[in-house]
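In order of appearance the chains are A, B, C and D, and numbering begins at 1 in each one.
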Amino acid sequence: MRESLSTSPAQLGIGLIGTGFMGRAHALAFGNANAALDLPARIRLSALADADSARAEQCASAWGFDRSHADWQQLIDDPHVQIVAITTPNHLHFPMAMAAIAAGKAVYCEKPLAVNLTQADEMRRSAKAAGVVTQVGYNYQHNPMIGLAREMLEAGELGEIVSFQGEFSEDFMGDPASPWSWRCEAAHAGGALADLGSHLLAMARHLLGDIEAVCADASTVHRERPASIGSDQMRAIAVDDQTHALLRFANGARGTFSSSWLKHGYKNHLSFEISGTKGTLSFDQERLNELRLYRTGAAGRDGFQRLLAGPAQPGYAAFCPAPGHQLGYNELKALEVQALIQAVCGQRSRGPDFEEAWQIERLATAIRVAAAEQRWVALTDI
Amino acid sequence: MRESLSTSPAQLGIGLIGTGFMGRAHALAFGNANAALDLPARIRLSALADADSARAEQCASAWGFDRSHADWQQLIDDPHVQIVAITTPNHLHFPMAMAAIAAGKAVYCEKPLAVNLTQADEMRRSAKAAGVVTQVGYNYQHNPMIGLAREMLEAGELGEIVSFQGEFSEDFMGDPASPWSWRCEAAHAGGALADLGSHLLAMARHLLGDIEAVCADASTVHRERPASIGSDQMRAIAVDDQTHALLRFANGARGTFSSSWLKHGYKNHLSFEISGTKGTLSFDQERLNELRLYRTGAAGRDGFQRLLAGPAQPGYAAFCPAPGHQLGYNELKALEVQALIQAVCGQRSRGPDFEEAWQIERLATAIRVAAAEQRWVALTDI
Amino acid sequence: MRESLSTSPAQLGIGLIGTGFMGRAHALAFGNANAALDLPARIRLSALADADSARAEQCASAWGFDRSHADWQQLIDDPHVQIVAITTPNHLHFPMAMAAIAAGKAVYCEKPLAVNLTQADEMRRSAKAAGVVTQVGYNYQHNPMIGLAREMLEAGELGEIVSFQGEFSEDFMGDPASPWSWRCEAAHAGGALADLGSHLLAMARHLLGDIEAVCADASTVHRERPASIGSDQMRAIAVDDQTHALLRFANGARGTFSSSWLKHGYKNHLSFEISGTKGTLSFDQERLNELRLYRTGAAGRDGFQRLLAGPAQPGYAAFCPAPGHQLGYNELKALEVQALIQAVCGQRSRGPDFEEAWQIERLATAIRVAAAEQRWVALTDI
Amino acid sequence: MRESLSTSPAQLGIGLIGTGFMGRAHALAFGNANAALDLPARIRLSALADADSARAEQCASAWGFDRSHADWQQLIDDPHVQIVAITTPNHLHFPMAMAAIAAGKAVYCEKPLAVNLTQADEMRRSAKAAGVVTQVGYNYQHNPMIGLAREMLEAGELGEIVSFQGEFSEDFMGDPASPWSWRCEAAHAGGALADLGSHLLAMARHLLGDIEAVCADASTVHRERPASIGSDQMRAIAVDDQTHALLRFANGARGTFSSSWLKHGYKNHLSFEISGTKGTLSFDQERLNELRLYRTGAAGRDGFQRLLAGPAQPGYAAFCPAPGHQLGYNELKALEVQALIQAVCGQRSRGPDFEEAWQIERLATAIRVAAAEQRWVALTDI
């Protein structure tokens, strides 16, 4: 492990908590952001924390962190750390983020923000009161193609927006033999709506703004699952396998919403279609470098077209100088890191902060209430 | 025009009312059915009616009908006519069908069955009391690929059905300058739900059976339209431009529903995706010779596949002996005619009759009530 | 069977030889053309010939022909017949067409024109000398989407044409157990190049004009096949299973050509891509109602788009009044019949006549020579 | 810039020459390989060379290299450098690689290996004589989906291979106003065949092995181009804008080949279709995380299917734990680096070495000769 250096003003020290998939995705993203992206400050991989100290040390070494901690509170207190990145299971987001805020550090937290709306509310209030920069890992919206979609929407290229149809489906829980995990517990923000649907709600808000009312229907298809892989012991499941909803946007658009983690054939199907008075736009995360666009006005030569990501979008140009080469998932994460560093350096925040993440949680809560009570729910009532 | 012949037992005389697009589609379908399909009786084009007697005569000649009538009641009374085909605007379906039933003739009526549920109810009761064969023109379900989908569902190839997502969108009313027509009047069964959505409801019932409850949201985007093309005079529009809904099926599946006639880019996008515990199936009428299928169990070699229509489906084989050649819209209509002739000859009815068409209208009515009252509606309450 | 009527001036009597798949396709096409298309003369189904007199009579009755003949020469001599339609196996095209020409009748012959270039040459010379109208059944070019492609090419929408890449693959001979048939004999114009490739050559000429030189490679993958289905007796196969070629067009474009009847997964994959200095266009017969188009000049909003067939093309409008409804294979055949009737009535011929069909055979011959001799062959040398 | 450290046995020092797009792509790849991939030795970014010393220093700092050199020979001589990575224009590959070989260092050279076959031959002989490890940057074949394709081919899942159809098209030279550059000079290995086509030839050999004979056709569409962007001065262009070829494989398969840099609409269309006696497989680099597969034997449920990249392929799993997340171009480059490090550490080489790169150049030369002399050329004659 390298010798620790005091951080220069042009460097920001990252303290990363967690060494699972998202931990490594963060490590890759910090490295890619440093090497490829225009940043107002360089990132220093200052500290890595994992409760397993051997693993913490090993990953720190492999991923290029200066040092490791077995105690996450120590990482938060570490003076080399200016930004605390949280990639632990959902129920730990609250205590870690609150500690980081208390220490006056910027917080970069994976989604969902918290395991319930009360926590989320406390987190956004505390962050605001402390004046710390926050960002939540709804990485899909940092895709340059989503940036292009938003540009087109803001420029009115689709006219007034009339409809939104969104679906985030995967199939990793499609097999009834897929075992129970903490993702199956409501107390850990489990279920398809929280796990996948929240990404889609974040996207809907990112592109079309506030949603005023929802109606919803949720169902649990497999009501018990093995306690672990291959186990004979079954555990009851109460969280949703799929949730469908109707959405009413403040801008007048209407739409549908679906999230499922047992829809066979889909692996990362965060998809939407937005239609306005002048055209229609659609996107599918399974082909993240593409947008599908239809615009009126080309009589006889009209039709949906496939737009490919290319260097006209700055986030793409940083990684690939020619269209057709394609960004990968990890580069979306690097672009998220760029937004974080810009926000910490006082530039315009592009990533969802705790305030916005609370709005997303509130919306998910409204959908949950609407499904439970089988009625329309106004967001103002949540 | 040919000399009229008395119909032999092996012939069924058709009396067609209407000479618009659907009138001609019927004429083509009768011809194609006679030439290509295995029928228990040959079809004779006995009489054609149109209020404009010159047009009636001209079309009768061009389309090969034995004679024409300017008065549709005369056509119904014509002893050469055993089957009355109704292709007039929606508000005429009721009086014509009731007259045909009263005359003891089989009725082949375009959709929607009627302009309100009361009429539809009277029609199905009268047909049942009179014992006449009826069929309603939900032609899309006669597509051999829909037949294949139903086969797969019935055989359990997708396992237990979990979700349905359906959308029927077109864009012919997308331009605010698209003028008012009778399709914009609720009293004529106008609006996107009645005009397009009813096809999708028919399909949902055809494939997955009864729907028990719905919640819905409807909106009128363009609240006034020119009285005619290019007119300065505007007429207020009250029918829906788009309707979205949540569906709860009796078999436990849950789903979403969308219908729109102003979603740019779509021309005949009657589409659905059905997912079960063993796979997922999707269809889009804009590529009517294809199904998209995902089945579990081929680890490492799994993925959605495109099935092409081919001669394994009898309806296809009748028209094309090799896969990849493709049926067109008019051949679906010919297959619908085959189902009609089979039903009239006492064979198993495959087309939706007035009873089923009433169920479809009832479901559309439930959606309309749910949208108006912003609440869930049980079908048993309609 | 109906009483024969003398044909009025406004009627053209068809004499159809052959009752196989193509025979029925003709019968359907005549019916559809009469019912839906604008024709300068009505078609009368005057006579049907099949060597099996019982089958001839049965099919005549089922398909609506006035009378039947067991002897095709009688059909040609039949005074009710003005147009002789030939749908028999390839080796019969020559004697039948020559007899029809001798009788001064128009000839509508299925492709390929003949089983060798000498025959084809004699046929085009005889037809020219006799002044009879001829048409050969390269039906795919009557697709309205091909019409649109040609319009775009002629209007220079793609700029100067630079490249052509064409492939016609199917897989009906992909199974080594697919037995020998006359299609496996060179003397019957068998092999993938003659059976499928000739359609693609016709299309290339239809869209881009003359080809000046070719180089080619042919291979027979399965060198013997069962004499019949399931037979133990094997027959040697000498015709090509696949042929690949390079093409040099007179307009300067260069290209590739492939035809195969054992390329698994393809069922009717007559496809091409044409690229010019301003754009690229592609087509696949397996989705015959679509074109794929890319045009330069829409920076940032450029991408391949999917054009759907619609009523802007007259041939489409005759069958379907709205886009997205789709024509089927049999309607392309009806549009071919329309071109035939127009030509017989002295209007501009749009279908390939014997002269053009000879050019296609000459091109196929050049490819065959180039493959056999493994060298470039100039068309002027054939 | 960091203090230089002596490299431990478990580290390999990289010396990178060039700071253009490929230089940065290498830097990203080394970082990603270190952070995500299982490597037998860690990579140390030891030295960066660029003739512009200020740029060399700046990039070294930004990309994390220990030191910089303005003179590439110094970098080669640098004792911290064990592997020399060459990303300079094509004409410099030869002197740099020869110097590195002379210094006994491993060489990682971008494609094409050299600007003519004589150079390439000398390079492969020298490397062999010196016993140094070499690898050439045909990065596309390190795609896990290409790995899967090769697995399927080797396991015989497609049966005996019958045909190959390959195309690598882009459109960056499609505009006649695209100016002259060194890529337009044959002496710098310019032209579409060398620039793009060589990737496709590499892929064809990677998947199907030796090619025995070729025939080809090349054309220069725009025979002069501006000397620089917007310049009035025109320079004559002699290299090919497009080349088409026929290929005969040693295994008996036949095929077509196209490369173009002016085919509008394509941005990175390295694509191929391979068909055998049991199925067909296709790939397009513009959707690099997908394969399209058809296999025989699923009567009635057969059709092309879309396989998505997923963690069953180790190269994918290293970056993304779930399917559908997608690798990007830069991660293919990291996987190439992994192959390099494995080869340097004595493990099985998976990347093309100088010997294989010479074979690729030889094949390109055969195509060039075949096009120039308009005849078939056997590889044994080159």
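The rule we apply is simple: a residue touches a chain if its C-beta (ideal position, glycine included) is under 8 Å from a C-beta of that chain, and two chains touch if they have at least 3 such contacts.
Quantities reported herein were computed from a predicted structural model and do not represent experimental measurements.
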Shared chain contacts [chain C and chain D, defined touch]: A, B
Most remote chain, CA-based centroid, reference being chain C: A
Distance between the centres, which are taken as Cα means, of chain D and chain B, whole angstrom: 55
Separation of chain B from chain C, taking each centre as the mean of its C-alpha atoms, in whole Å: 35
For chain D, residues contacting two or more additional chains: 266, 295, 302-304, 308
Chain D - residues contacting chain B, complex: 148, 293, 295, 299-308, 312
Complex contacts: residues of chain A adjacent to chain B: 160, 162-163, 165, 167, 174-176, 215-217, 219, 221, 241-242, 244-246, 248, 252, 254-256, 258, 260, 262-266, 275-280, 294-296, 302-304, 374-376
Of chain C, residues touching chain B in the complex: 21, 24, 27-28, 31-32, 34-36, 62-64, 170, 172, 266-269, 285-288, 308, 310, 319-331
